[in-house]
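Pasting the structures here.
Both complexes below contain chain A, partnered by chain B and then by chain C.
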Partner chain A sequence: MRRLRATLRAVAESILAAAIGLVVAGFILKAWGYSPISAYIALFEASFRDLYGIAGALANATPLILTALTFAVAARAGLFNIGAEGQMYFGALAAVAASLFRLPPGLHLLVALAFAGAAGVLWSLVPSVLRATRGVSEVISTIMFNWIGRYLAFWLVANVLVDPYRAEKTITVLPGSRFPTLVPGTDLSYAIFLAVAVALLVYFLLWHTVTGYEMRAAGANPDAARYGGVRSAGVIVLVFLLGGITAGLAGATQSLGRPPTYAVYSGLPQISNLGFDGIGVAMIGRNHPLGIIFAAVFYGGLQSGARVMQLFAGIPLEMVRVVQGVIVLALALPELLRIFRILRRRRVELGGER
Partner chain B sequence: MTLGYFWSILFLSLHAMVPITLTAAGEVVGERAGLFNIGLEGILLLSAFTGALGAEAGGWPLGLLVGIGTGAVVGLFFGLVNAYWKGNQLITGVGINLFALGFVAFGLQALGTPGFHDVPRDVRLPAIQTPVGGLSPIVLLALVVPFAIHWFLNRTRAGLWVRAVGENPEAADVAGVPVELVRLLATTFGAALAGLAGAYMAISWMGSVTKEMAAGRGFIALATVVFSGLRPILTLAGGFIFGFFDSLATWIANIPGVKEAVPWQFVSTIPYIATLLVVTGVIGRVRFPKALGVPYRRE
Partner chain C sequence: MPEPLLKAEGIVKVYPDGTVALRGVDFDIRPGEIQGLLGENGAGKTTLTKIISGLLPPTLGRILLGGEPVRLRSPKEALARGIGMVHQHFALVDDFTVLENIALGTGRPADRALRASVAELMERTGLRVPLDAPVENLAVGERQRVEILKVLSRAVRILILDEPTSVLTPVETDELFGFLRRLKGEGVGIVFITHKLREVLEITDRVTVLRRGEVVGEVLTRETSAEELARMMVGAELRPRGRRPVELLTDIPRERREAVRTGVEPVLVVEDLRVPAEGGGEAVKGISFELYPGEILGIAGVEGNGQTELVEAICGLRGGRGSARLRGREILGLPPLELYRLGLAHIPEDRWKYGLILSFTVAENSILGRQRSPRFLGPLTVLRWGEVFAHARELIARFSIQAPGLEAPAKSLSGGNQQKLIVGRELSKEPDVVIAAQPTRGLDIGAAEYIRDLLLGLRDEGKAILLVSADLDEVLELSDRVAFMYEGTFTAVTTPAELDRERAGLYMGGMRG
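== the complex of A and B ==
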């Protein structure tokens, strides 16, 4: 019963925060001379009214579910891993690299995914070891690795994986290692099932296994961890390992399962910021795998709707990240729902009742 | 010839040092008071953008003021949420960064300059002409600020209060120090310095605004705070080390011969690798305030 109430409160807080985010961003739109009401109508109509809109939302949600899991798993264990961005780059590129050779279809996809997961783990290794052995803050190390990774990824795209006929992109992923398209004519591929399955697996691991219990215990009692040195190196390494796999897979869903390109372009335009957006999605989903699925679909819908909004109303689609930033800021307030209680009390006082 | 190289690298390094040192010196004050702000990256970006707009509206003095003001407003918000309402400092910081990334990208596009917004030369902060080249006056300011903060923290009553609320808020509270207010003002001051740093980047150093211009400097400043062991004067040394590697990268990438041999992408990673190595080297020897990151609730 208590657990149900806690869940309901978390959901209510996220919805309230989302509303605050939309309202505040609406004021910003207004300040720049746009009409927020018609902008939002265009946005939500485009993203949630028909099958194509919903498919677009789900296609955008696919990588976000996975990068959000990277952050959420760490957050549950009391770590602040913001390295999904860089790990995701290498996942996307490793999946492309698997097309340097030929394998039977299907098996090729599995091998490409294994490459991607391994690449994500590889890029999380140094921050993980530095945290576990020397106590170097993962906030600083993962951000530095994101930037180092960004430049290395630029280099890999331009030199190692480059398409011999088109210098601005990598080689194209072979058809045998692609995710089949789920809804023809949209971006949505079977990769969404991978993302949801991984989320369910992480849920099972965290709440139904001993290892998961240990991970959550390390996060739930930071004081004991700080004073007693309880936070074992094993938990840290495991958290980064899982985070690296999910971030790497997130990248793979973009190079293997996002029509029509099936390649990574120089400057990484298609995949940049998926890791950072995943942090916001994780927070909106309250660092819970199931909450993350819903939060990712919500945010994915905002993104695809914003693209339509940009096209027809000329409003820059980056507006969506403003909404996300405000939502996260609202969620930073403890007991957000108390705002309502305080407002009600004030009304009673103003009414003269005591 | 070699002496010329020496001076030009020194000059580049000093200019690259400024945003790191100002931001880090400000954050030292905030962290000494017990608040840990990972939203500095966002503040740099936001205030670079608003500072540029301010300068274009009313010249560089207004630009600097708007930049400082932007930092202060964000800092005030951060302080209210975390000192008074006992919010989550890390989440607030991430929220600031996400908001800034979206807001500046949105604003640049709405202005019609999505990739690169040039700040007109006549509204930029005039440089001091020296035999070696133009020197931004903010460089001189950045050389003084850490000493002023050192004096403030160690020689004034208000500085003692700042240290007290970060080290032992219970005792400070009993002694009559307004814990929340001191924390709020300390973090607002720190954010205002980051705002100055952002405006400096836009209207003095780079003369332009892009959505990637902060380039991790907010986090490098956090690393510099660790490196300095929360001693403001050492943020000069930390800032200079990173400024040196930052300009070294720019410099190496432009040497004929080297340019062809070493990919520019590798050279660009140098400041980040240096940051990580330095932090790894000093970690363990740094003592943080006892109440850093912990909201204070009166028992």
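== the complex of A and C ==
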């Protein structure tokens, strides 16, 4: 009952925030001489009117759910894992690498996913260990690893996994390790079920297991958690482990489940920023796995709608981005403020970071 | 009778979750008067004073200041109008120094001038704190002093104190009272919340009693008695018991336990324990003692003399050198969970730092530290919520905790009820050794008595209890032996029967016995 009330309040708050965002963005559109009404019609019609629109929104949402989980799990435990972006690159590439050999279909997909998860974890290992043993701020280290990861990924695409016939992309993933397409003619694949299932699992972990209890305790009050026997190093390692897996899987959904390419292109055009967008999605979803599912669909819709808005309402791309940004910011604001408060508190504990 | 400085009329407060905390309260504050505000845990005292000091908006009702209706939107606005409040839970910035915190509270820069005026204030009030220490290094009693100084350093016409004495020693309380009397002489209107009837009778002129959000009585202090006040609070006759005389309590059971103790091994042996202080130096300078089954060893002393560090070192929350052996096993440096498995429970002095996770629900808090015990742990580390709820319900019933519900966040409990939740949780661990720091802090008379009885009962069952309290009466009443702590060492270890308050005061002040 009480929980329901709290949930309803959060939903109401989000709807209000979205409305405020739309109004503010509307004024901005108006001020630059565009019609907000037709812009918004274009925006929402595109993504939510028919099956194709919805499929597009869901396809966009698939990786975002997973990268948002990376951030949310950490945030619940009082950590700020910004590293989904880099970990996701390696997930995508590791899933491709699984096509260097041949396995029975189905099993091949599972192996590719395992590769992806492991690669994500691998790339989160150093920040994780540094934080757990030396107290090095994970904010800084994960951001650094995103950059290192980006250039390493460029190199891997061009040199290691490169398609012998087409130098601008990696080898193409074998059909046996692909996610089947869910709605023919769209890029929505069964990967969406993986993303939703992982979100539900994370929900279960956080609120129905002792491990989750301890993670949330460490995030809500580190002193009391220590008093209650929670080992913070253990929590940190676990958070990064889970974060690495989800980010790695996010990458895999793109190389294994996003028709028509089934490969990673040089410069990483299809996957860049999915990790960063996930942070926004996590904040809109209040770092709650179920909230994240809805937030990701909304965000995914906004992304495909933005393209339509540009095409049909004749609004330039920059303007579309501004509108998008304002709406996302309005939605993420409550969570953002909370995070600033925690960071300020943490500044002291970590020392050195002042 | 002079015009009231402030009148609150028909105040109703309904919290967002539907809890009705105040049901139409009329309340006034008069110049040159100290008014006691009494009531059981959860009666609404904190809520009422938070409304008067601008921290919470009332749901209904209005506040008149000098006859004019006012709307106080923030504590800052209230302060600007001369209303200051010392909160039950501290509102201090942890990583700031004491002086910086006071500066923050007064809006003045933390400069020489402020330092001088605060130093002078410390002199006048008798409340002393190290001005340059970061607040996070201070014990609760010291933080309380900072909180009081912060408000007093502003010129206020109305001063509200929410349980300011619950962690002060008798000497400090006396000095504070002296200061409050002087303020009263200057025409300040003072509201004083406490659970200690002795203090109410000593310092107040008038007493208002709240019960379940309603004013159930208003009397002049000189026309009332402890019994009448207690009756008004509870709404029924209290067991005719009050505080038992010290002799009675300590003598009889002690002999019996002495008999038990001969040939008994101590459960906890602490030898030459040294704990570094946060700011350098040592907070605990080589303390040794033995704790026997079937005894309560009290540690008395002014807060900030190393008690916090001593307890935290033994309880695995802080590093220390030397040795502490629980039934022969070295426990220094063991993590808290391991200590719990060895049968040690710890009621922490700071309920907001260690005791509770405020944003967690009552049910979640009820298992903190026991989350991995088999009762709550299913396969694959799945939490058995059914068992957790059942356990929380047991605690609520047994310790009469007033909570809006099992899923209400702990922060929505009144101070005393938060304390009951912690004490209940720790004692429900069925420990052999209890380290209890300020166990009855903020509890109303009935609840405090209940906890004291419980500690005595545990002792009689043969458990060992280390009791740290700023409340000298409590230490003397409960303990079989008392150690006095001063600047990191024990100045004396003795039995209450051989003590009087004066001698105790000397030991607390550093005289060795």
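Heads up, the rule we're going with is that the second predicted complex is superposed on the first by the 298 of 354 C-alpha atoms of A that agree within 3 Å, B and C clash if a C-alpha of one lies under 4 Å from a C-alpha of the other, contacts with A are read in each partner's own complex, and residues count from 1 in each chain.
Criterion: a residue touches a chain if its C-beta (ideal position, glycine included) is under 8 Å from a C-beta of that chain, and two chains touch if they have at least 3 such contacts.
Everything numeric in this text was worked out from a predicted model, so none of it was measured.
In the superposition on chain A, A:121 makes contact with neither chain B nor chain C. When the shared chain is aligned, chain C comes close enough to touch A:5, but chain B does not.
By the document's definition of touching, of the two partners only chain B reaches A:332; chain C does not.
In the superposed model, A:214 makes contact with chain C only, not with chain B. Counting the residues of chain A touched by each of chain B and chain C gives the higher count for B.
Legend: residue contacts after superposition of the two complexes on their common chain; A:148 is shown touching chain B, with no touch to chain C. Counting contacts as defined above, no chain A residue meets chain B in one complex and chain C in the other.
By the touch criterion stated above, chain A contacts chain B in their complex at residues 28, 32, 80, 82, 130, 134-137, 139-141, 143-148, 151-152, 154-155, 158-159, 273, 276, 279-280, 283, 316, 318-329, 331-334. Put simply, chain A touches chain C in their complex at residues 1-3, 5, 208-214, 216-217, 220-221, 223-229, 231, 345, 348. Here chain B touches chain A in the complex through residues 38, 77, 81, 85-88, 90-92, 94-103, 105-107, 109-110, 114, 215-216, 219, 222-223, 226, 263, 265-266, 268-269, 272-273, 275-276, 279-280, 283-284, going by the rule given at the top. The part of chain C that touches chain A in the complex is made up of residues 17, 94-95, 317, 335-338, 340, 346, 348, 353-360, 364, 368-369, 371-372, 376-377, 380-383, 385, 404-405, 407-408.
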